[in-house]
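Per-chain numbering from 1; labels A, B and C assigned in written order.
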Amino acid sequence: MTLGGYKIPIAFSLLVWCLVWEVVGRLGLISLIPPFTEVLGAMPEVMGSASFVEAAAITFQAYGIGMALSLTIGIGLGILMGRVRAIGELMGMWVNIFESSPLTAVVPALIALLGFGLSTMIVTVFVFSVWVIALDAQVGVERVNPSLVEMSRSFGASKRDLYVKILFFAALPELLAGIRLGLIRGLKGVIIGQLLIAVVGMGYLFELYSRSFLMAEFWALLIVVFASAFLASEAVAYFERKVSYYATAR
Amino acid sequence: MTDTPRNQQQEGELATGREEPAVRVVDVTMDFAGGVRALEDVSFALPKGELTSIIGPSGCGKTTTLKIIAGLIQPTSGDVLVDGSSVMGPGPERAMVFQDFALMPWATVLRNAAFGLELRGVPRREREATAREYIAKMNLTGFEDSYPHQLSGGMRQRVGLARALAVDADILLMDEPFASVDEQIRRKFQEDLLELLSGENKTVIFVTHSIEEAVYVSDQVVIMSRGPGRVSNVVRPGIDREGGSDQIRRSPEYLDWVERIWVELRDYLEQ
Amino acid sequence: MPSFVPVRVVRAVTDPRTLRVLSVLVVLALWEWAGRVPISPAFPSFSQTMAAFGEMLVDGTFLDAYSETIPPLVVGVLLTGLGGVLAGIVMGLSPRAEWFGLPVFIVLQASPSAAIVPLITFVYGIGFAAKVFAVVLLSAPVIVLNSYRGITNTPRSLLEMSDAFLANRWQRIWKIVLPAGSGLIFAGLRLGLAQGFTGAVLAELIITPTGVGDLITFYRAQSAYPYMFAAILSIILFASISVTLLQRLEQRIFRPEMRAT
């Protein structure tokens, strides 16, 4: 997009949308949407509040532990599925089914089994994110050029060498894609989990703000959460771009 | 060895007469973004009805030159004249054959071959009939309803050729058309191409890597050097085409020309 | 492999279909065992769940529930399908539309838009429209972005070819760009359907107690765990089957050899 001859980077379109938001808010067109500046104003208040700090802490905890679990198990499982055909066939069906299922429906069962606390949130994060990580890891490993494997064997590589020096890098682009998607889904999981549990975390805060019609606070919190999701995703995308130079030439 | 065509002594045969060349490339310079100069002051002429090859090392800008003549790229400076008028973009008098075949994988051989006509609004019955004709000329009868993925590389390129011939353009532009084809089939294709063109009066420009190919098929060979791409020489092999293809490929004349061009290219590679 | 095991048997055992059947049986057996232990009072065994499932199937509970869940899902996915694909195509073709639209959808796709669902009631109440909106909200980004990618990933070679043969702008879009991108567009629809299910379930669990979501909530409140699990199982199965059917269709129409990318 160019204006007066200067090319404007695409990220600036978000600023334009903020402007639109401001105008819509000032005109009072939708009661749900206060002016953008008001939302910005509420942000320090929201982020400084004790309930936010508490909610963020518990969210980070659940997300961190859940993702650590799903990354280790997901990548491990995916690599196994990619290298051993039988396991790939066996587990593949389940991974595919769960990867595209509305796992939200499972959360009430988790609540019934594990209660309204941290463990439910951790399991929710795990359940939401592990499948796509495993699937992409499997694809990455399956797509490794057999010549690379043969080459390393012919030069005397041990099994450990094979995995660490060849397979890891050859599968890295798909692995990273899977991790990025897994991070996004894990975050969706923790939020959905909290929305359904309703008494803890960000979900509770969202419910609270919307119930009390504190719209500026609601949107401020939303922006914080959305921005974090976007940053996490872009962080991984950055690494994806760094390896993309060899992604197509494998 | 750096004669420009304007004051050059044509080797092998007298230069063709005063007829306006089908294509005239005049001082074409091409700069790409990032300061890369792909072509510098490239000039040559394509006499009407003749087959001209462009040969040179990788990166010398042969394909870029072809695309400029095709009107797909605009040169930074210089001009390309087709029948005396400047080229502004692709035109109905020029048809292209692509190195990677550029066939639509979701369409049948028949539709692919008729595509040039389809884009010109030729009614379906007519364009399919024409396409069938050229498919037959390419010895692909029976494959009209097949899809590209069901064909070998050589067959796919024949579809590309049929497509280019079906629009009956005066000028045929071929971008390493036989590069992706098996070696054994490649020779046959070269012979078939000559036979195909013998009846027509088309002007053909043919980009290739292979000196043998260039000498075998061409009336004129434009030799390019790289860094940036320039015309280093234009020669006319003028080999005797009587006798079978095997005779030709073993004739001393043919081998001499191949050797001469090879020596010239080698000098530029070593510079 | 020990030599006394015939090759026939080995092949039969490692045959993918056998493995799948085996894995299902193993999982069901584990489930049954876990339910009988029981690992938790809230965890019913497989047989208990199936009994409840059968009951709800026969007495029309499922029928009633799904007749409330499916319509907003279908309407939502159709709306997003048509509108989203169009939006993605426009974004792919028009640099201006791309500039305005792309960052928004990229952010939306990465973010937990589920957080917005509770707000929906303020605008759309707790009825049909609210559920449709939830479906649209969750499925739109993936559909739009996939269509966009389908349009922008047209192989350069084919575009050049069409230019060389004098295609005008509309011919180029209609005969090359759209057919080449149709694979990704359809994949986007499939992913959008999967997300749509999530939206419908979420809406039913949070804002409007109807349909399958309500079954789940209701039975949980009653501690009728076999019935709750049966309801959950039903929606998981339903979603998996629909998405798989769509995937099969996709693979038949857009066979890999016929795809440009």
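The criterion applied here is as follows: a contact is a pair of C-beta atoms (placed from the backbone, for glycine too) under 8 Å apart; a residue touches a chain by one contact, two chains touch by 3 or more.
In this text, all values refer to a predicted model and were calculated from it rather than measured experimentally.
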Shortest chain-hopping distance from subunit A out to subunit B: 2
Farthest chain (mean CA position) relative to subunit C: B
Winner on C-beta contact pairs when A-C is weighed against B-C: A-C
Where subunit B and subunit C are represented by their mean Cα positions, the distance between them in whole Å: 50
Chain centre separation (subunit A, subunit C; CA means) in Å: 18
Residues of subunit A whose C-beta touches two or more other chains: none
Interface residues, subunit C side, partner subunit B - complex: 157-158, 160-167, 171, 175-176, 179-180, 257-260
Subunit C contact footprint on subunit A (complex, rising order): 1, 8, 10-11, 13-14, 16-17, 30-32, 86, 89-91, 93-94, 97, 100-109, 111-113, 184, 187-188, 190-192, 195-196, 202-203, 206-207, 210, 218, 222, 225-226, 229-230, 232-233
Residues of subunit C defined as touching subunit A within the complex: 14, 16, 19-20, 22-23, 27, 40, 42-43, 95-96, 98-104, 106-107, 109-112, 114-119, 122-123, 191, 194, 197-198, 200-202, 205-206, 212-213, 216-217, 220, 225, 228-229, 232, 235-236, 239-240, 243
Subunit C-touching residues of subunit B, taken from the complex the two chains share: 67, 70-72, 90-92, 94-96, 98, 100, 102, 104-106, 115-116, 118-120, 147, 149-150, 163, 167
